[in-house]
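For reference, chains read A, B, C and D in written order, and residue numbers begin at 1 within each chain.
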Amino acid sequence: MDAARRANGGDSQFVLTIVGDNAVAELIRHDPDLENADIGAELPWSIARSKTKEFFSEFLSTFILLCFGEGTVAQNVLSGSGDTINIGFGWGIGVMMGIYVGGKSGAHMNPAVTLACCIFRGFKWKKLPIYVLAQVLGAMSATAVVYLNYKTAIDIHEGGPDIRTIPGISKTGTAGIYSTYAQPFLSSGQQFFSEFLATALLIFCLFALLDHRNLGINRQLLPLGMFFVIFGIAVAFGWETGFAINPARDFGPRAVASMLGYSVDIWTVHHNYAWVPIIAPLIGGSFGALMYDIFIYTGESPINTPWFGLRKPKQTGWSSSQV
Amino acid sequence: MDAARRANGGDSQFVLTIVGDNAVAELIRHDPDLENADIGAELPWSIARSKTKEFFSEFLSTFILLCFGEGTVAQNVLSGSGDTINIGFGWGIGVMMGIYVGGKSGAHMNPAVTLACCIFRGFKWKKLPIYVLAQVLGAMSATAVVYLNYKTAIDIHEGGPDIRTIPGISKTGTAGIYSTYAQPFLSSGQQFFSEFLATALLIFCLFALLDHRNLGINRQLLPLGMFFVIFGIAVAFGWETGFAINPARDFGPRAVASMLGYSVDIWTVHHNYAWVPIIAPLIGGSFGALMYDIFIYTGESPINTPWFGLRKPKQTGWSSSQV
Amino acid sequence: MDAARRANGGDSQFVLTIVGDNAVAELIRHDPDLENADIGAELPWSIARSKTKEFFSEFLSTFILLCFGEGTVAQNVLSGSGDTINIGFGWGIGVMMGIYVGGKSGAHMNPAVTLACCIFRGFKWKKLPIYVLAQVLGAMSATAVVYLNYKTAIDIHEGGPDIRTIPGISKTGTAGIYSTYAQPFLSSGQQFFSEFLATALLIFCLFALLDHRNLGINRQLLPLGMFFVIFGIAVAFGWETGFAINPARDFGPRAVASMLGYSVDIWTVHHNYAWVPIIAPLIGGSFGALMYDIFIYTGESPINTPWFGLRKPKQTGWSSSQV
Amino acid sequence: MDAARRANGGDSQFVLTIVGDNAVAELIRHDPDLENADIGAELPWSIARSKTKEFFSEFLSTFILLCFGEGTVAQNVLSGSGDTINIGFGWGIGVMMGIYVGGKSGAHMNPAVTLACCIFRGFKWKKLPIYVLAQVLGAMSATAVVYLNYKTAIDIHEGGPDIRTIPGISKTGTAGIYSTYAQPFLSSGQQFFSEFLATALLIFCLFALLDHRNLGINRQLLPLGMFFVIFGIAVAFGWETGFAINPARDFGPRAVASMLGYSVDIWTVHHNYAWVPIIAPLIGGSFGALMYDIFIYTGESPINTPWFGLRKPKQTGWSSSQV
């Protein structure tokens, strides 16, 4: 997600930002007269787009993620075929394509990623609310589109256009298309641990992939690497709570489901599970980042400052370039 | 599909066309005395082939796409095993190999791609009919080959060499091997939306992959990237209408099926569904391209001109090099 | 399989052989003092190994191919679980790893590949028998190893250590672990066409991947590309005849099966099917190569000579460097 | 695992260590002022971390491997769905991500790998116990985490929190989540041969991937290559003994299972199978390495010395840089 640096400031134009096998090419690409010069940059729409590009980049990358992901769950539920492998491919490809789409904002697509970057990678805190808003709205929009696409099939599956039910409560429940629902036997603690662990693994692996002091993955292979991280979480930790691992991916669609006629139980079922995929990924993701920085990372991080970031470090020395 | 530039004009020989990690190698490859010089270029057949190379490139890449794709559907239907994952691999690999085969024409393999390139990427309109013709003929030829390969198995599955039936109408229907058929419960509007959405995602993701002002995928990884796009559409939006997302892939084989003894119902079944995979991908694909250009793309596009392309822009400034 | 050039002659040490993104690195690797200098090259064993390296390279790459491939079929048959996807992964990974193992001989692993290279890519005819012998022996050795590994499970599956039967004839047949057997309903013509077509696709795609005048795949991605070709053939054309597409892969194990106590029916069952996977891949593979060269290839090929290779061309101009 | 060289000594800073397409980039990365300089290297924690980095690197990469791998087995067993493909993805992704995490120690994750590197690639013997300890502890820790995550589901599956049983003995056995258990019909010899063969293939393929005198895989693609090796072993040789192919991966979790209330039978069941996945991988792995070095490898290896390493060679000439 080195593209973030390009997006974040023109002052990086002549810096060799990319490690890995893109280094040579990057010198060429950074020629502002050739590649980076926006076409028609003086036009009103181009100016407006330039000012909102991070918002739309997050919005659209999350939109693409949710289209592929929710579409896959919908197809599995409604067609009565398909299994965890389909789910792994659907969400994995969603993340992969989301990264390609969202290069101009770093393609976080997930408040847990944005938060971990704010705490551990010097990502600007003032961007956090904009990113989260774009992510939630992108997830909500995709939910509406997937719902429109599968509306008739949902009507038939549920038994009528006015029937909208929840899996675990109803055998024909379709609410699981949009958001995650926990296995009924799980305590709140087990729900929390499952989402905490899966998100910690997500961010730990993401930070490893991005760490060019470690093996490091090059920018061209990062989307494929994240595909495998998501797939791995789906087959290893997807069954208990549906691996939300992303507050925006879960909350946004649940809010839309409320508007679409699903009962208020979607918020309260299974010991108010709806709040777990909001809180647990935020804490778990940052915990995973903390573990990575404590035991492996030797780059710029609050961990690698005299007071482990508990006293205010000099912000000047940081950059968001690693993410 | 940067190969299109090489194919389209000798005047690009000394231009550094490739972004990404191929930049250095490309300088070498463009040495006209070493790599690009056709062997035996003065021979009659080489001259003839050179003049028709775009046609045959589209023809053969679409042929390869359909061989793998239709072959996979045939194997699933006739062997009675296999599921969506097989379908995703079959069509995904078909697109992947089609791109490798069709480098000299850009490997569109799909009128919806060609149309979007004409509207948004300066691809020459006069090439559109040639490309579409090659695509349709390639799809038809592959259908004949797949039919020959599976003829005996089709006879046995249908119950006799003179019986050829349609899925949804007959339990032993095999017409779905060649073209797509919608789920019976879908209205025309839902059929249209499903193909529209899937093709919009296809082109949106394709344009993101090709956009080197965004993250961008390098030429070596593009076929793999498109494999995942197709796979994602198969698992997320493949069930309702069979994700034709390509007029040539659907119309050509349906026309061949007509000749092979399938009844005229293949054109009229499910509210004349046969026209949906022709119209919806063309509109949906260009809509996806439009969305990408409006919200993300800063390169050469009618969107980035003073009148959004609604008044005639200066054509000189465009090139087909991005596709 | 550019490694073939390195293997074939020291005179290529200072030639820039690799196209694609390895070009720069290759200049370094070709420094004979650094990388290519064999360690202990003056020792007796190193000298012996150097003289037989192409034989052992083909032997071991085919051995690895068959270990993964036959092992997967055995696991599917004996465990009673697993489907076409397992088969696609098993053989696909076998080819992939075989390429990595057999870099010093070009990793043909298949007489149909070697023959097509002899006819169309100037591969030396005198190497053909050595290559084929190594391939057949490699396949036979792997069969023995896989048999040893699964012997007890085969005994249990068949019903006793003295019972060895053939699928299609016996419900507990295990002969399909080693070699392919056709669906019983296929005529000899349909058997032939299925193997012909699948091998034509194999070589057509292989030649496209290797063609750096087309899109071309770089050496690092070639094994992955071939994985997908094999996987695609498995899901699209694997059911009717088990996609032998390789005389050595089918004949060698069948010969070993004879020795292991399977009846002579393994040679005669289904209209003497055993000869189809020997003859059809050789003809089909070269037909696929012919089609590629006629319609797409502009490099060195008999097709690109005045008499299409039907009169003897100047051999001097050719090289085996493309394969 | 070229990262090992960087980790092992500062004296390699100005050596061009990497073959393949990273060569140019590597020159840049090795600038000690830019990339490799640890941030806050003078701080107490950074100094402590620097001294223990190989231990934590092995610990954490094995931890990640086991989280994904055991998590996948747990999900398959407890959810009652999923098959070999899930297992292949789970362990394959575990190895892939483990390599990214463990770049600073070479990411062996497996005593069989470390042993083969000691014998054949000049890896320092004195590091062997540290590596093995880190691997076993990492595997044990991951087992505890996976157990915590699935505790309630295990209770339900077994029938109560005090019931912990073994597959093959009990229908609801869950001990297979942690360690491997052999098919009941296998003799000790067949158990041994299965683990021996699978590990020999593992190391043979690994050494082929790393051999830049052969085709060689570049560092960026190595994790993907190993994913496929693991996947291939899972589908071809995974059924009989569960493809432990790694003493740490099997022993560590079995020891934890002992502490968690599983009976002592986990060590004695199936003819004391528990010792097979400790002994067989060590012998089989080194046998695979031996075969590779005898028949293919021309680099620094005891095989390429006057006495095949049976007399003490000059250690000076060796390096651990290839692994």
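In this text, a residue touches a chain if its C-beta (ideal position, glycine included) is under 8 Å from a C-beta of that chain, and two chains touch if they have at least 3 such contacts.
Everything numeric here is computed off the predicted structure, so don't read it as measured data.
Visitor: Based on CA centres, what chain would you say lies at the far end from chain D?
Guide: Using the mean of the C-alpha atoms as each chain's centre, the farthest one from chain D is B.
Visitor: Just send me the rotation angle from a CA overlay of chain A on chain D, rounded to the nearest 5 degrees.
Guide: 90
Visitor: For chain A and chain B, what's the span in angstrom between their mean Cα positions?
Guide: 30
Visitor: Quick one: which residues in chain D touch 2 or more of the other chains?
Guide: Touching at least two other chains: 21-22, 24, 85, 221, 224.
Visitor: Would you pull the chain A residues touching chain D in the complex into a rising list?
Guide: So the residues of chain A in touch with chain D come to 16, 19-24, 83-85, 88, 183, 185-187, 190, 193-194, 197, 201, 204-205, 208-209, 212-218, 221, 224-225, 228-229, 231-232, 235-240, 294-296, 298-301, 303-306, 308.
Visitor: Mind listing the chain D positions that touch chain A in their complex?
Guide: 3, 21-22, 24-25, 28-29, 35-36, 38-41, 43, 45-46, 49-50, 53, 56-57, 60, 64, 67-72, 74-75, 78-79, 81-82, 85-86, 89-90, 93-94, 96-97, 99-104, 107, 145, 148-153, 156, 219-221, 223-224, 227
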